[in-house]
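Below is the structure I would like to discuss, written out as C-alpha cells.
Per-chain residue numbering starts at 1, and chain names A, B, C, D and E are given in the order in which the chains are listed.
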Amino acid sequence: MLRYIGWRLAQISVTFFLFLTVVFLLFQAMPGDYTKQFIMNPRIPPEARRALQERLGLTGSVWDQYLHYVRNVFTGNLGISFQYYPREVWDVIKERLPRTAVLFLVADLLAFGVGYPLGKYIAWKRGKLSDYAVTVTGVLFYTIFTPLLALILLFVFSNVLGWFRSGGFLTPSVWLRPPVDPQVVFLLLAATIGGILALGGGIFFLTKRIGHPRPRNWARRSLILLLLACAALGWYRSGIGTYAWDIVWHMFLPVLAVTLISFGGTMLLMRDSMLEVIREDYITTAKAKGLPDKVVRDKHAARTALLPTITNFTIGLGFIVSGGIVTETMFSWKGMGLTYLEAVLQQDFPLAMGCLIFTGILVLLLHLVVDVLYAFLDPRISY
Amino acid sequence: MPLLDVRNLTMHYVTKMGDVHAVDDVSFMIEAGEAIGLVGESGCGKTSIALTLLRLLPDNARFLGGQVLFEGKDLTHIPEEEMRKIRWRGISMIFQAAMNSLNPVYRVGDQIIEAIQNHLPISYREAKRRVSELFELVGLPPEVIDRYPHEYSGGMKQRAVIAMALACDPKLVIADEPTTALDVIVQDHILRRIDEVRKKLNMAMMYISHDIAVIAEVSQRLGVMYAGCLVEFGDTVTIFKRPAHPYTVALMSAFPSIKGEKRKLQGLPGEPPDLLQPPLGCRFHPRCAYATAICAQRAPRYEEIEPGHLVACWNPRSGRA
Amino acid sequence: MRKSLAFLVLCGFIGVAQVLNIGIFEDLTTKNIWAQIGPDATVWNTYVLGGQYSPLYLSVPPTWTWLPGLADGFPTPFVEENGSWVATVKVRKGITWSDGTPFTADDVVFTFNVLLTEVGGMRMALALGGNWPSYCPDSLAAVEKIDDYTVKFVYSAEPGLGEWTFGALACPIVQKAYWEPKFLAALETEDPAGSLLAVVPGDDEPIIGGYDLARWEPGAFAQVNKNPAYFATGERLVLYEGGGATIENPRLGYQFTAYGGATGSVLYDLVEGPYVDSIIYPIYLNQDAAVLALQKGEIAMFLNPLGLSKGFEDRLKGTPGVQIIANPPWGFRYLAFNMRREPMNYKAFRVAVATLIDREFVAESVFQGIITPMYSAVPEFNPFWYNPDIVVYGKGLSHAERVAEAVRILKEAGFSWDAEPKVVNAGTRNEMVVGVLPDGTEVPAPKGFKLPDGRYCPELELLAPSAGYDPLRATFAIYIEQWCRELAIPVKANLTGFNVIVNKVWAPEGFEFDMYILGWSLGNPAFPDYLYYFWHSSQDVPDGFNTPGYRNPQYDAVAEAFLKAKSVAEARPLVFKLQEMLAEDVPYVILFDTPIKEAFRVDEIAFPYTEVLGGIQFVWPLTTVKALK
Amino acid sequence: MMSTILQLQNVTKLFPVKQRTFALKVRQFVHAVDMVNFAVETGEIFGLVGESGCGKTTTGKLIVKLYEPTSGKIFLDGQDITLIRSGAALRRFRRAVQMIFQDPYESLNPRFTIFDTIAEPLEIHGVRSLSEREAQVAEILSQVGLTPPETFMFRYPHELSGGQRQRVAIARAMVIRPRFVVADEPTSMLDVSVRAGVMELLLELRRDFGVSYLYITHDLAVARYMCERLAVMYLGKIVELGSTEVVIQTPLHPYTQALLAAVPVPDPTYKREPPQIKGDVIAPINPPPQCRFLPRCPKAQEVCARSPHPPLVDVGGGHFVSCYLVR
Amino acid sequence: MIPRRNVGIEPLWKIRARLWARSLRKNWGLFWESRIGPLGLAIILFFVLLMVAHPILMATVWDPRVYDPVVGFDRAMVGRHPAPPSWAHPLGTDPIGRDILSQLMWSTRSEFALGVTSALITVVIGTFIGAVCAYFGGVVDTFFMRLADLVMLFPFIALLMVLRSIVTLDLWRLALVMGVLSGFGGITIILKAQALTVKVKPYIEAAKVAGGSAFHIIRRHIVPNIMPLSFLYMMFNVTGAVFTEAVLSYFGLLDIRMSWGIMIHTAESAGYLGAFGQYWWLWAPPGAAITLLCFAFYLVGRGLDTVVNPRLRKR
C-alpha cells in the first residue's frame, strides 16, 4: 500500500510538472501583461511601467521566467500577486480558500446526502412514475443555467421573503469587533464537519462488532445524535457561536443553489450504477436468502453501487475553482472562483496560475484519495 | 405427502414481442431426502422452474396457473412475508454462476452469517461457529471464512456457495448447474461432496443441468425438459435403459462418451423452437423423426407408461406396456 | 486596535455612533500608502483609503478650484537661482497627526526625499510606479526645509502646471517619524521600492485625513472611523460664483482668501466634518446585490465609477427614500483611425467616416438617452476648458444627407467606386442607398470602393469591445460597420475582448490596427493634460499614447505651450486651439459617453452638493456628508 | 501417404505478470506454453486436451499468429511461420491457416450481417467484385448447412441460434479455403442436440476440402469422437501424446489417468472411483524446474523431486509420455 | 460441390437500407420506451422549429430594420424600451429596443451550430483516439491517456477564460476549442474503455486471422462498435457546450454578437436582471431556452443511454 502510494505520488509529480508547464505556457501566451492597465493613465511614464515589469518578474527570457517559476513552485512559493502587490499568492489563497472549501464541502456533502438515497430509491422503483418524475427533476436542476437559479433563489429568499442577506459571507454589523478572524471560524467550521465525519465513521466501524442488526442501528443513531449535540453545544459554549452562526446563515442560499445543481449528478450516477448492480446474481442470491427487500437494496445493492458514485463525488470536490466562479459571483462569496476570475481578467498571472495550480494539486491528490478510499471500500482492490 | 408437489405449473414472460412460454403445464414431485435431476438444453425452462419455486422471477414473469405445494402449502399464494421465511429455511438454492452469487464487497463468512441470522435467532459468534462447521462439511479450510470472494478460486467459491445453501438446514436444495464452469476434476470433487452432505443431512436435492452424464451420476429420478415442457420423468436407471420420448433418445445418442464403443453421434436436425411462438401440438414434433399427423395438432398427454415413468408423447419409443 | 478602542471610548461619551453603510464592488488590495498610490492605484483603494492622507494643495470639487490643503496660502512664484528654479511653500501651523505629533515641513521634505532617492539607477518615484512619478516630475531637483513650516522646491527648469501645480503640490504627505525607519530599512534591501511597498502598516500608523481605516475584513467589508484629530474639522469653505473662495478654520485660527474672494453670490458653503463616526464599506460582488441592498436600506449608497446602468436606474426610480442623481461624465468613448495606414491617412476618408456617424440617432433612438453624444476632445461638461466652436462633420444632417455628403467628400479627394452610392427616396421613410429612383431607373448596390490611386480599398478591421464588455460600444461599432458598408467601404467590425484590442493597439512592434473604439476617463478636470499625451507626435512611438499617429507640428507646438503654461488662464486659449485642430483633422472621432447616475438613500445620507462632474462619488472623501440616522 | 503439415519445435510462450510497482525489468512470467513439440499430419485432426489455463488456447493462437512465440519454431509446410512479418508471405499464410473460436455469441460482430461476416475474409484477400463475393458466401453457407442461403445472408447474429452461429463462424473460416484450421472448443458452448451436428460438419468439411485441424477441447469424450491423435496438456507442458484410443484406453501419465477418471459417464449404473489427485491447479508463474504435476501427483516419488521436468518419451507406437515413473 | 449461383435477388444497398431502417425502428422503440428521451427530442424539435422559422419570418413578416436581432430597433417605441410583450413584439424588447423573440430564434441557430459542431469534433477525436489507443496500446496509449489526464486537470470554464484572452473566441473558434479540449479529455478515456471491451472480442481476432490490417480492424470493427456510445456522449457534449457558452457569454467573455447568454448579459449589464417580476421578459426567455435546450439534449442522451446500454433497459 505504502509502496503504491509512493509510486502514485511519483506519477502525480510528473503529471503535475507537465501541468505546471502547460499552465505557464498558457499564461505566457496571453498577450500583454499586468502593466498594460497603466496604459490607461498617460501620466504614468513608460519607465515606471518598465520598473514595475521588472519588479513583477515580467522581463527576462521566457525560459528564465519558467525556470524561476518552477523553482519557486517546488519550494512552495507561488510568487507575488500583482493585484494585491506585494502580498504573496499563497497568502491570498490562504485567505480565500477556507470560505470556498467550507461552502462547497457542505454543499457537496448535502448534494451527496440527497442524491445518494434518491438515486437508490428511483433505481429500485425503476419504470414507475416516481422514477420518471425524480429523474426529470434531477436532470432539470442538473442542467439549469446556474446564474438563473441563483437569481431565482436570491429573489425569492432575499427579496420577497427577506430571510437572508443578498450576498456576502458575513454581516458587517455583527463582525465589527470580533474576537476571531472569519478565516479562523471557517477553519473551525471545516474542522467541525471533518470531525463529525471522522467520528461518525468511527462510530460506524466500532458498532460493526455489535452482533445483531437492531441494537446496532439503535446504537449508531443515538451515538450520532449525541455527536451532533456535542458539536452544537461546543459551538454554543465557545463564545464565537454568534459569529459562526452569522456565517452559516450566509451560507444558506449558496449551499442551497449548489446542492440543487449537483444532487442530480450523484443521483443519476447512483441510479445507473444501481441498475447495473441489481442485475448481478448476488442480488438474486440475497433475495433468495430471504432477506427483506430493504436489506437487499441498502446493504447489497447500494453498497456496491456506491463505489463509482464516491469516485465522482471525490474528484468533483477538486473543481471548486471553476465550479465556484458562477456561484461565488452570484452570491458575492469572495472565494477561490472569484479570485481566479478577477485574476484572469486583470492579468494577475501569479494569482491565476496559483489558483489553477492549486486546483491541479487538489485534483491530483483527490485522485490518490479515491484510490486509497477504494482500497478501503472495495476489498477486490489491493495495492 | 411429498416434500414438494408441482402441479400443472405454467409461467410466461411478457415481452414486447409477445409472451414467452417459458414453463408450460409442468408437474412433478420430490420426496424428502431424494435427489432428482432436471435435464434439458439452454432456454428450455429449467431455471425458470427453480426461480418460480422460490418466487424470485423478474417483474415481467406472469404466473398463469398450477400449484407449487411445499409441505402442503401452496407457495404461489402465500403472502410475501411468509414466502421470505420459506426461502433458504425451506428451499435454498445453489446458483448457476457461483462466481457472481457472492457479493464482492462482503466477506464470504459474513454473507453466510447474514443468511443464518436472518432466519435463526442466534448470535454472531454462534453463527460463525456454524459457518466453520459448514466449511468443514464442504471441504473448505476454516481460515478462509474471513476472506473476500475474490480471494477464492472458482472451486472454493462453488464450495462456499454450497455451504451457504446448506446454512439454514433447508429441506430442499435446488442446484442449478452447480459445476458447469468448473474443470472435470473439480466437478467430480464437488458433486461427490454434495452427494455426501445430502445423504448425511437427509435433504432433498434438485439438480438442474444440461449434462445428462452429470445427472446420471447424481440423481435417483430424472425429468427431461424440452421447450418449456416436461417431456419425460421417471427413475434415472429406467430412463437411461428405456428412454421413451424421442427427444430423450436423441439426447442420449448425441452424447459422446469415453466409455464403451466409439459410436456415431446422432445430431438432432433443426433448432429448438422459438418460445414466443411454440409449435402447435407436441413442441418437439418439427424435429421428431417419429412424428405423426396428430403430433402437429394436439399436445400429447403427460401420462404414466410404467410405474413411476411418465412421458408426454403420442408415440413413445419404449416402455409402454 | 488601539485606535478602535479609542473610538469605542469616544462613542461611549457621545452616545450612539453614527454609522454609514456604503457599498463598494471590489475589495481593497492594500493598506500601504505607497502601494495605494503606486501599483495598487485602484479606485476602490482610493474610495476607502483616500481619506487617510492629504496633499499640500488640491482641486476641490464641485468646482475643481485649486486650493491649499495642508499648505498655508499659495506658493511663491518661481525665481531663478543659479540655473535652477525655486519656489517656497508654507505649511499650516497647528496641524497634528492622529498620534498627536505636529505636522511640519520635515514630513513634506521626507516624503519628497523618499521619492527623489536614487535606487537601482532610477528615482524611487519611478520604481514605486503608479501615480508617484507624476508627483515627482523629472525636473524636480530637490525639496528642502527652510524652517519648520516652510519648504523650498527646487526645479531644474521652470515647471509648467503639470509639474508644479498638478504635480508635486498634489502629492500626499506621509509622516516622517513613522515612515523613516521603515524607509531606511527598505533601503538596506536588494529591492528598496519593493520592500517599501511590502510594508504592512499596523494600527498605529498615524494619519492626517478625516477618516482612518479601522478594520479591513478581506472580501467582506472595510470600516473607517473618523479621525478626531483631523485638522480640517470645522473648516468652512465658501465658493463664490465669480470663482472666488474663502477658507476659515476656527480650530487652527486660519483664514485664506483666493481668486478675488467673496465676490458674487455664494455657490457653495461647505463645512468639513467628518460628521459620521464611522463608515462601513461592505463589498458587493455584483451590482444586483448592491441594488437590492440599497432598496432594502442595508446601505445608504454604493460607489461605482461608471454609475448606474439604465436598468438599475429604472428599478430604483420608484423605490421610496432613494434619490437618483445624474452628473455629466468626465471622459469619452471614441473611434480612432490608424493614420499610418491607407486609407485612414487621407483626411477626406476620416472626415467622410465622421460624417456618416450619426451619434444623435444612436443616442436618442437606439439608446434612448442613456448616452450623451460628444463632439470635442474636451467634454462639454467642463465649460472652462470646452470649446463650443469647433467643426462637427455631418451634424444635424439626415442619413441621406450624410451619405451624399460623404460621397461628395470622398469623390473630391479622388476616391471612386465601381458602382457609386446614390440615395433614393431621400427624406421619406424608405430612403435607402439601393432601390429604384422615382423615374424608374434602378440604382445598383454600391460596390468596388477605390482609393485615389485606383487600387481597391483593402478590408478594414474595426476593433471594438464585444457586447459582453460594453454593449454600447459594440452596438456603435456595428452601426459604423453598417453605415460604411452601405457605401461599399469595406469595414468589418471585430467585436473582441478588451485585452485583445489593447494588445493590438499597443502591440510591442507598434500600432497594429486599422480603427478601434475604446474609451478614456480623463483624470483631473482642472487640468486636461491628456491633450498633450494623446496627440503629441512625441507619443507616436511604441507604447506611446498617440495611437492614431497624429503628427501635426502646429498641434505639437500648442500642446507644449499648454503644458508649460503657468496658469489656467494662460492655458485656456491653448486648449481651445487644440480642440479646434483635433476636430478639423479627426484623428479620433469622439463618439459619446454616458452620464454618471448615482443613487442614494435620502433618509440616510445627506450631501452638501450633488452636482459634480464625474458624479457624487467625487464628494470625496465624504468628510462633508452627513448621516441622517 | 501422410505428410506433416504443421510442426511445433520447442515452442514457448511467456506472458509477463502485470506488476503494479514500477520495475525496469519484468521478473515474473506465466509459462503459458513451455517447450511444446508436436506435429500434425496432412488431413489429420489432432486433439489438444487439458483443463482451463493449461495453455491449449495459447498454443492455438500461436499457430495462427495471434501471438508470437517467445522462443521455438513453428513450421507450416516446412516454412517457419515465426519469421513471417508482413507482406505477401503473411497474406499467403493468413489464407492458409484459419481459426474457429469457442464462443459463437462473441466471435461474430453483432453489427455485421452474416454476409458481411463471411465476406470479410474475401474482401481482405482481394475478391473485389460484389457479385463474386455474394456467390461465394452463398456457396459456403449451403456447404455449412445453412440453406437456403438467401434466408440467412442478411440476418444479424442475434437472430440466429447458437448452432447456426457456430456454422457461420465455420463458414467464415472456410470461405477462403484454408488448409489448416485451429478449432478452439468449437462445440463447448453449444447445446447437446446441435453439438453433434457441428462436429459432423467439421468432419464433413475435412472430407470435402482436405483441411487439417488442430482440435482444442477440454472434453475428452469429444476429443475421442473427433481426433485421430491427441495430446494432453498440463500447465503449459504436454504430458502425454498418442493416438486417441490408446491414450483413452491406456492412459499412462497420472494426470491423464485422473482426468479420465473424473469424466462423468452417462450411465447411472456405472460407478466410477474418485480420481487420484490432490489439491487445485495453480497458475504457472515462474514454476519450479521439477515436474509440473509433482505437487498434485498421487504417485510422486523421490526421483521426481530431484529431477527436472521429465522429457516426453516415446513408450512405443507413437505413444509419448512425460513421466519418470513410466518407462 | 454445389454449383455457384448468384443469389442477388435485390441489390445489396437496398437490403442494407432495409436492414438499417429496421434497426432504426427497433432502436426507436427502445428510445421511445425510455420516455425521457422522446420528451427531450420534442423540446429539441421545438427549437429546430424556432430556428427554421426565423429566416422565414425575417423574409416575410418582420422588417429587418426593426426585427434584426443585432441592429434592429423599433423607432415607434423610442423611450419605452425595454418594452413588455405586445402584439408587435411577442416577447418584448431589450434595453436597446431589439426584439427578444427574434433574438431568441436567431440565437437558436448559433446554439445548435455551436453545440453540434463542438460535440462532433469531440466525438470524432475521442472515437478515433479511443480506438487507436485501445488497439495499439503501448506508447500511443500512454501518451494519449496522460494527455487526457492533463486536460482533465484543467477546470474547463477557467481554461476557456484564459484562452479567450489569447485568441478571439467567436462562435466557431469556441466550438473548435471546446470540441478539441473535451475530445482529448474524459471522453477519450470512456471510449477507449469501450473500445477495449470490443478489442478483446473473438471477432477481432477472427478478423486478424483473416488477414485484416490494423486500419481495417479499427475502421470496420472497433469504430462502428463504439459509435453508439460516441453518439450518446455527443448528446451530453452538446449540453456541455451550450452551457459553457452561456456561462462565458453571461460573464461577457465571448466575442459573439448575439446568443442566449449575451441576451442575459445584456439585461444584466444594463441592470435589469435583478428586478425579477418587473423585467422578466429580458431574462426568462433566454434563461429558459438555455436550460431547456441543455435539459433536452441531456434527456436525449439519457434516452439513448438506455438504447446503447442494455443494462439500463427495463427488463
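Here is the rule we go by: contacts are C-beta pairs under 8 Å (C-beta built on N, C-alpha and C of every residue); 3 or more make two chains touch, one makes a residue touch a chain.
Worth saying up front: this structure is predicted, and the values here are computed from it rather than measured.
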item	value
Chain pair with more C-beta contacts, C-E versus A-C	A-C
Identity of the chain that, by mean CA position, is farthest from chain B	C
Farthest chain (mean CA position) relative to chain D	C
Approximate Å spacing (C-alpha centroids) for the pair chain B, chain C	92
Chain D-chain E separation of Cα centroids, rounded to whole Å	49
Chain centre separation (chain A, chain D; CA means) in Å	55
Rounded Å distance, chain B centre to chain E centre (Cα mean)	51
Overlap residues in chain A, where contacts from two or more other chains coincide	30-31, 151, 154, 159, 329, 347
Complex contact set, residues of chain D against chain B	51-52, 161-164, 191-200, 218-222, 224-225, 245, 248, 258-270, 272, 274-275, 277, 280-281
Touching residues on chain C, where the partner in the complex is chain E	287-289, 291-292, 308-315, 364-369, 466-471, 474-475, 478-479, 482, 494-497, 499-500
Interfacial residue positions of chain A with respect to chain E in the complex	15, 18-19, 22, 26-27, 29-31, 126-127, 132, 135-136, 139-140, 142-148, 151-152, 154-155, 159, 268, 272, 275-276, 279, 319, 321-323, 325-326, 329, 340-341, 344-345, 347, 352, 355-356, 359-360, 363-364
Of all residues in chain E, those that touch chain A in their complex	35-36, 39, 146, 149-150, 152-159, 161-163, 165-166, 239, 243, 246-247, 250-251, 264, 273-274, 276, 283, 287, 290-291, 294-295, 298-299, 302, 305, 311-312, 314
Touch list for chain B against partner chain A, complex	54, 56, 84-89, 92-93, 95-97, 100-105, 107, 114-115, 117-119, 123-125, 148, 150, 164
